[in-house]
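Two complexes are shown next, each including subunit A; its partner changes from subunit B in the first to subunit C in the second.
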Partner chain A sequence: MDFSKAFRLLNQERIVFLLTVVLFVTFSLTLSNFLAAGNLLSLVRSVAVLGILGLGMLIVVLGRGIDLSLVATMAISVAWAMQLVSEGMPVYAAMTTGLLFALCISLVTGILVAYAEIPPLFSTLAMATFIYGFGRAHMITGTDVVYMPKNMGWIAELGQGHFLGLPMPILVAAVMALLVFLFLKYTKLGAFIYAIGDNLPASRIGGIPVRPMLALQYVISGGIAFVAGIITATSVEAMNTRVVNSNMIYDVILVVVLGGVGLSGGRGNVRNVIVGTLLIGVLMNGMTIMDVQYTIQNVIKSLILLLAIVVDSIVNPRDEQTGQQGDI
Partner chain B sequence: MTPILELRNVSKEFHGVAAIRGVDFALMPGEVHSLLGENGAGKSTLTKIMAGVHKASSGEVLLDGRPRVFDSPAEALHNGIAMVFQETSLVPSLTVAQNIYLGNEKFLNRLRGIYIAAQQFLQSLNFGVDPTMYVSQLGAAQKQMVEIARAVHHKARVIIFDEPTATLTPEEKHHFFALIARLKKDGVSIIFISHALEEALAISDRITILRDGQHVVTDDAGNFDRDKIIAAMVGRTLSEELYSRDKSRSVRGYGRKVLSVQNLSMGKMVRNTSFSVYGGQITGIFGLIGSGRTETAKIISGVIKRDFFHGGEVRLEGKSVRYRVPRPAIKDGVVYVTEDRKIEGFFETKSIAENIYMNLLSADLNKRAVISYSEMMALAETWTRKLNVKAIDSNARVIELSGGNQQKVVIARSLVQKPKLIIFDEPTRGVDVGAIAELHHVINELADSGLAVVVISSYLPEILNLADRILVSRQGRIVEEFSMEEATEEKIMYAAVH
Partner chain C sequence: MNKTGFMKLAATALAALAIGASAVNAADDLNDPYRGPALEALKGKTIAYLPISIGFDLAQAWGGVVKTESERYGMTFTSQDPNWNTDAMAQGMTALIAEHPDVIVTQNPDMQSLARLMKQATAAGIVVVQLNMQGAVQTDAFVGPDFIAMGEQAANMMLEKCGAGTDTSHKVAIVQGVLTGGVSYYQVQGMMKVFNEHPEIQIVSSQAADWDASKARAITETALQQHPDMCGIIDVWDGQGIGTGAAIKQAGKQGEVYFITSGGGAQSMCNGLEDGTYSAAINYNAPGMGRDAWTAIMMALQNGQGAGAIKTQIYSPTRVMTKADVQAGTCWDPEQYAKILR
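Entry: the complex of A and B
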């Protein structure tokens, strides 16, 4: 009995948190420079963007969807905005244009999912390819990399500045996490997203505007992607659009699923994303210090992702009844 | 003669609720045995035990006089027991011939070979189905034929037909009955479940009637007639106390006309139906499953989108309405309480309080964009007390409650939306007896307070006990209306079966 009680207490979030702590302690004992303040800051900083994207993914996944176009939206909208600045557009106008582009393109994705009823996996995958292809062909001239113009003003500080000794990306990620937390917990729209993810037919019969809400999820995640893009671009003073072809989007899913957000919708919160992000941060940082090959790092990450999904399906069965009693 | 298949004292419980209790049943070789009873009488459960879909909770299943337990439908089929399901179990993306030979394929499976064989086989059954057609392209009746052909092809000794004729045209029925006669001549035993009493009387050798999960009577078909069968189907024993009709109960009068439906049609389920619902009384709608009562209610409340090209008119308080989603209906005060609470009634990850509060939010009644947790707890407190929901506190998750308490939460969710017209679809399905009385009390209070209440039920005593007037639905339309003075179980049942 005690064992089963302990098992119940061990939800995925706690398992991952414990794992993070164990890894953290192991690394700090075995790796000499792991605990240095500089290293810890760079650890958090390196996953700040991942965490912000994770927040966007969280909102979509809570509504029983998935957004594979996050990274493409992020890269193209910010690269385009920076190019507009270089071409002479005022900074604020260019940033607003970039944000509007991100919102519009994700509204299209949302409409495809909500009104055309195309499964999110396919519509966002197609949109990701479309955004990247269209952006490279018709919006971004020159090479894959768009460099940050010199006249970005305070926006450049978002990636490079410090506040109270903390790098700005960390603070931006924290503020975004707080905003998403407040949105999900204290607003009606947040409650609707949970409801739709939990039970779509019941939401519909209860009078929740299901389709507009589904579309809204993607718009919000598109907006969050733009913020993540600004942080990325200002940190490294460039936006490399080839990031769309990297496996970054899988890292975002990894962060969300690893933290314990149920892929079947309705389960999870900001805390899960933070826990997932920290684990990936500690893991990647430790492996980098240990000089583990990039390919091996990928193998380890992918194994962890698979494990997390399996644990997720055992701990959070979609239908509790069938989960407990087997199919009748 | 030993029965080919026999059930002795078989019971089956689902989550502690008995579906059938201590039923004895024997099927003789080469007989056609009809199984009759109301919805929920246990016919499907009983046959599913025979076909290996369910396992009996207690009692014995004997095949050729020897006890057997079937672990799966495949095992039962292997032993010669085939069931033709109501909901078809064919693979839509395969052709007719492939479906017939499914599970019997040779190692080298040549399509040409099975098409020729299937063609001859279907012809021998007099079924006009093209074996090369994909099942997804077939109509309901043709799918039924393929199901039957598959059962016959498996050389089943026992074939169970669950409502086989519901989708067939008269011409196809004629062929079907001829087929049954031929199967019978070949020594195949047949169990026939139907709501069409005349058909059962015409083709069966013996008839068994179930009621409330218990065996009522088994006798030769010749000793039955229509009235006898109906009397046996509706005669009450078990729940008589709960549903004893209070003759002194005063029938509520007609309030203002809240809803009027004229010539409403929608697909095959709702055909040209017309009726009205009045405030301050309970309108009972009785109909067997598939009679279109749920679909009608869902169209009125916007749960099923009403297309423009389907005819008819729905008027709410004199104003013509056409809802595409439930949200505008709820804003106009029309609320539908689902018959399937688990699938569309509540949120399983959420607490009682959150479940109830969600519907207040979605109806925009508190005009809030920001959630107030104190408002939520107060609301939950009010409604759990009003409806007597038994739970540790309002933070308990709904999924952990008993069926009756879940249903109360689902009803509370609807009532916070301040409806003018509330439609209860099977409000007491899967609810224990104590809670049924409480739910009935709640429904009565709603009508007393002036609401227009509709109760849809396929359980006659419930309708008779609750309603102030009774509409009977059959084949997609309201066919008859009874006042409480003239309503009897026999009359209503007579109107509901064709």
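Entry: the complex of A and C
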């Protein structure tokens, strides 16, 4: 048996998938009720928002960028939309305004990256602070938690409802995953994103409109952030803008990187995000059942990430290409 | 108000003023001898307000009340917003000590972060009032609920619903805030003191949700999944408890699981009680705390003993509320206080 060949087959996605399976089996054997249908649904549901945000991050990372303003865009746009509803604006108008805000602000981010050529790490970091600061100073002027108005209608069902026994957040996440998958795999724009992430100068020579494409990536991720925000807000009937100060954005990067999406661009797909998200879901759910404290959960989560990265760098050593481009 | 209404009001006010003026003339020699020195002690003084964030309902109510009153007596009120950043808050405090206002009203993020700075401020002759959470040092006044007693109170309320005498599973879950935050830590300490004396109560889950409603929702959903016969849940803060309540509702267990929380009594608390998100809430009335803080400031400035000479723990009164207690105006509107602070 050629052991080293089997070893070579392991890439990060497979390692993480194996890890997920091992954890899943362990929890199934040791924790009563872990395998109950209800628990499995709540497992997936609790990471649905993370998964949706992961999709937005995926699109940007594929084009060799990173979007640290995702969570800020999500919190401020949705909180503002709900505040507008409370102030008497019709629900649809308010939601559209919120979505437009998310799209416009991420277009600004995109322009900063694509045309002003500010590295994405800095421009999105600055934009995250700007969006939160501007939003708190001029848009959400009351309390930093905006409660969901009672007249949200069917939109509230996106976070609370069920369809064929499935909680809506899971369904929304699945639909979003499918859409992103189709977009990346079957559209010209999707292929452009891979090409730009793989080799930007070559894509430009090849006639791909590189700058508009870069800007478009951020706009798409902004739109996805708005959807994730709607799910968050309608699930708990409030949008807490304080989430911007939390480590949520790192969790989003975590599921993307964990699943095996290359931060140097061009490598990865929706499946990677799903695998990464599921690992976090299984881990968090098991630890919650075991009544492990949240702070210790964070430690375990980060150890798992380190483990995955270490194993990945052993089985997939840096080649010449990554050596030249450098990691992010 | 329409125009005629306004005119009527103006006329009434004018008449009242005329009567008042003549009354003052008549009683010219009947002056209040204590009012002058009291006003003198307050006038021209500066108050600096430094909570951990100005963005949340409690801090808005405290600051709003203190600002309104201080301006009434010709004092200067300034505020800073560290936006939940402990480092920024410590820097703000250091800068304030250099600026030397007469009073600092602050809120500890934890026991230790500001302790040394508050000691310095007191030594520099600045009156320090601590809100909601006592740091490791006692200053002129601490204003806030007795969180240990509040935890005991919540636990005793839970005993009535899920204790030995009841035909229930006796299973109780606790949703904490952050582990190191005193507001959460002391409440849980109080609860456990009571529950430890009642072995029939089974604490099936006690986890921290990081003051985040989404995390509280996820934790509670899993806990309810594991224990469908859950009798009651206690959440240490209503702002986070909205997520806990959403999980109970979405599990179809509203009314079955008794859910107790606590908070400052903003409108969202009344809304939550009304729609059944919370079964009962312990209200420590944030504008009342603002009034207590203002009282502490008046006392410290008028007693003439200097900063830190007289130290008082001012524990806030609390009130248990259920749906039956909610009427129009029972709760307060944070927006109103946020406006004052802007």
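Heads up, the rule we're going with is that the second predicted complex is superposed on the first by the 305 of 328 C-alpha atoms of A that agree within 3 Å, B and C clash if a C-alpha of one lies under 4 Å from a C-alpha of the other, contacts with A are read in each partner's own complex, and residues count from 1 in each chain.
As a convention for this text, a residue touches a chain if its C-beta (ideal position, glycine included) is under 8 Å from a C-beta of that chain, and two chains touch if they have at least 3 such contacts.
Just so it is clear, the model here is predicted, and its values are computed rather than measured.
With both complexes brought onto subunit A, simultaneous placement of subunit B and subunit C is permitted, the two fitting side by side without a clash.
In the superposition on chain A, A:164 makes contact with neither subunit B nor subunit C. The superposition places the C-alpha centres of subunit B and subunit C at an angle of 130 degrees about the C-alpha centre of subunit A, rounded in steps of 10. In the superposition on chain A, A:202 makes contact with subunit B only, while subunit C stays out of contact range.
In the superposition on chain A, contact is made by A:191 with subunit B only, not with subunit C. Shared-chain residue A:45: touches subunit C; no touch with subunit B. In the superposition on chain A, contact of A:116 is made with neither subunit B nor subunit C. When the two structures are aligned on the shared chain, A:289 is found in touch with subunit C, with no touch to subunit B.
Counting the residues of subunit A touched by each of subunit B and subunit C gives the higher count for C. Note on the superposed arrangement: subunit B and subunit C approach each other to a least C-alpha distance of 33 Å.
For subunit A in complex with subunit C, the residues that touch the partner chain are 33, 36, 38-39, 42-43, 45-46, 49, 136, 141-145, 147, 160, 167, 232, 235-238, 240-243, 245-246, 284-285, 288-289, 291-295. Taken together, the subunit C residues at the contact with subunit A in this complex read 53, 55-57, 60, 83-85, 179, 204-219, 221-223, 225-226, 239, 242-243, 246, 249-250, 266, 268, 271, 277, 334-335, 338, 342. Those residues of subunit A whose C-beta lies close enough to touch subunit B in the complex are 185-192, 194-195, 198-199, 201-211, 266-267, 320-321, 328.
Listing the residues of subunit B that touch subunit A in their complex gives 14, 54, 303, 325-327, 330-331, 336, 338, 342-350, 354, 358-359, 361-363, 368-371, 399, 413, 417.
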